[in-house]
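Beneath this line is the structure, given in structure tokens, with notes to follow.
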């Protein structure tokens, strides 16, 4: 008796869980009932409580909730980075992603798009040509899958070398224009007892983006493009050369003491406290660096591009898009959600993001250079001069080769042989595809 | 009597609630896990059946998995070496009635009731290269040249964590062994003392053989325990740097909830299950002994 | 005379060993306490001594910004639920298995004991997908169910051992007096097995209270998180505020330590009993 019961029960459970595994089909409702009854929207965003981006975001939410033609109320949920990724994954699997969610581009969003979890916002963009045409060309490329747009990016981000103007001035240093100059500059600083560069190795993507930048300077766009279409191997000579370069910088002590174990936020703090001359990071850190409560060098920061080892690649940068928002496929009110996203990307807030947090706009707005901080101005001009952007490899290649690339770069910073590490990465890449 | 104790209704009432929960949320999931582990699925779109390919790939193509497996073995060996002798030493000292014994017991046992995440964080502070105690202590006793980023250095990270594991659980194993010792009749020792046997002799020929059974159980606890470590690693290193502290548990979490390879992740879970069973069988064989009579 | 001095040397050695490990156990916690009253700058400048400007600012931060209070409540709620359900059901099942007369009792026991070898990792993916299907992901219920199911093997392992040594006379006398099964179990058997039940309760409580993996996977909203998950979240969120984290860790530890000071006998007996009796 009990056995039969047990068997029936287990069979039921198995069937039910398999069905859950198969994924119930997403239901995207119509948003017609919108304007009369109040619509509740939820949005989840990747930010910590102290994130300056959040203050602007809160303004947008307040503005949206005060009046919009859908009579919609948007609730904002924020999560810290790691938490955010876990949360989004969980919600994706259980088909309960909030109406609007922050996302990264390229390989991060891809599995969700492939599984039909993301609303094709391109449809709404096409209907609203004024909205779509406000964006600069090419910014939708990293969020386009099968020629369909699935998210709207609201910032461009590039990696730059921030520098402390005061330290440079006090020591009669100028921005380096060649790679040799750059190394010389670091050596000079080092000789004077000033730590040249702040960098934190424990978050593997931080050392990785530096290696990627040096690689860009050696091999140019063809390395990135080749990796994408499979014509260039991960253990290509540019990667290995970049690894060797970085390692010699480590040996010369160009990075702060203890950088191998120092948390990312702490190395940022070192630079903001004026204790290192330079700091290599994505331009999103402008927000913190120019925040008076966090930084003591607010008015003394500039930015430049790390000069390429092969000077013809001088303006090729690690960079991509940022602040991308997407709508969930099971949102009952995609139009209302889109209205919020449109407001988020409106001229007013693109300006606020630029002037207050230093996010480079993705729309075609007229920039009032007098309103931007000097470092933002530097970054803007770097961005304008950029001849090519190579997106972060962990975004382009995702959790497989992308993350492994980060790990290998971290290991190289830690003293492992670049050739061996990149050979291992190539081997990993060859076998990873079959997993 | 037999009528009451054999009443089917009561038996069902007593056993079924627990059994059904256990069945649905522990036994069936294991079977379901075997099923998932043969699929390639991200739980969002229908998966594809791949048979044993996940398992084959784990061992033939995934160097990170092999590394994690190696780290797990290292953890097991490290924990055995770190726990067993030290716990036995403490237990034996405390067994021979010493003043303040119960105080020491209480203190030694304390760390293992504290949650692993808190302990992990605490030791992250201890190992911190800027203000951490470990480095400060080293330079204080003139070994400053050894100070480093213990958790960031791939060569030291796993050992740094084994130390924490030892710190946390030595008291637990000590108490287990001590309890076993206390079950030994005092008369045996008295007789031995009369025969002029030294303390060491008494330890070797009375204590050790009589607690052998418990030592076996303790060994199984240590082994399965160290196969299952998760929270310390998750807090302290997240499996890094460059997988140096990656364990099967953290790797499984990563593959499942970060890269969405649920099938692959389930296969890692199965390997963990097999290892736990194996360790039990193995230690049964190693410590095989006849029942001890007091 | 000679043996006495050797004994004395041994005694000193013994105390030396014991005291140094005591210091090793307690000092890190004391160190946390000392530094929890400092500012970050003071911590970096001097991690040893007390701060001249005593401030409970970090504790306020831990509660206000770190939500430690909420996490604490969630942890307690889940642990108490698991405890109540798990201990009741497992003692009933153990009693039926060890005392009642039925053919499959041995088999059932072995099936339960099988679970002791199952690491949580072997079932998280299926549970995740099952709870997803049942739509109880991100609820405390999911964690409670999983923890209850997980506590049975160990609990039944310990309890069957205890129940099997209860003298038959007690039951016989009770039945002679016309006591029903339920009454006998709850009024006679449970009270005389108090020690073993406390044992099981303590193990279950600690396992639930300290667990990271299950709540980490099942709970993703900050207001629902348990202490371990919440601490992980804090660590990601306030990376530079070391002193704040130190205070948060202490707030997590202190209640456990206080409970431990009062109940350490039971806790120790509890956590060890399973191993020794086995």
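Chains here go by letter, A, B and C, matching the order in which they are written, and residues are numbered from 1 within each.
Note that a residue touches a chain if its C-beta (ideal position, glycine included) is under 8 Å from a C-beta of that chain, and two chains touch if they have at least 3 such contacts.
On a predicted model such as this, the values are computed, not experimentally measured, just so you know.
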Could you find the two chains linked by the most C-beta contact pairs?
B-C
Chain whose average C-alpha position is farthest from subunit C's own:
A
Report, in whole Å, the distance between the mean C-alpha point of subunit A and the mean C-alpha point of subunit B.
38
Between subunit B and subunit C, what's the gap in Å when you average each chain's C-alpha atoms?
15
For subunit B, jot down the residues that touch at least 2 other chains.
19, 24, 27-28, 32, 36, 43, 128, 130, 257
So which bits of subunit A are touching at least two other chains?
2, 13, 17, 20-21, 86, 90, 93
Which residue numbers or ranges of subunit C touch two or more of the other chains?
126, 128-130, 132, 216-217
Mind pulling up the subunit A residues that touch subunit B in the complex?
2, 6, 9-10, 13-14, 17-18, 20-23, 85-86, 89-90, 92-93, 111-112, 114-117, 201-202, 204, 258, 260-262, 398-400, 403, 407-408, 410-411, 414, 416, 424, 427-428, 431-432, 434-435
Subunit C partner contacts - residues on subunit A that touch it in the complex
2, 13, 16-17, 19-21, 48-50, 77, 79-83, 86-87, 90-91, 93-94, 263-266, 269
Subunit B residues within the subunit C interface of the complex
1-2, 4-8, 10-11, 13-15, 17-19, 21-22, 24-30, 32-33, 36, 43, 89-90, 93-94, 98, 100, 104-118, 121-123, 125-126, 128, 130-133, 136, 167, 170-172, 175-176, 179-180, 183, 214, 217-218, 221, 224, 227-228, 230-231, 234-235, 248-249, 252-253, 256-257, 262, 265-266, 268-270, 272-273, 276-277, 280
Subunit B partner, complex, touching residues on subunit C are 11, 14-15, 17-18, 21-22, 24-26, 28-29, 31-32, 35, 43-44, 47-48, 89-90, 92-93, 95-97, 99-102, 108, 111-112, 114-115, 117-130, 132, 145-146, 148-150, 152-153, 156, 171-172, 175, 181-182, 185, 206, 209-213, 216-217, 227-229, 231-232, 235, 242, 245-246, 249, 252-253, 256-257, 260, 264, 267-268, 271-273, 275-276, 278
Give every residue of subunit C touching subunit A within the complex, in rising order.
65, 104, 126, 128-130, 132-135, 137-138, 216-217, 220-222, 233, 236-240
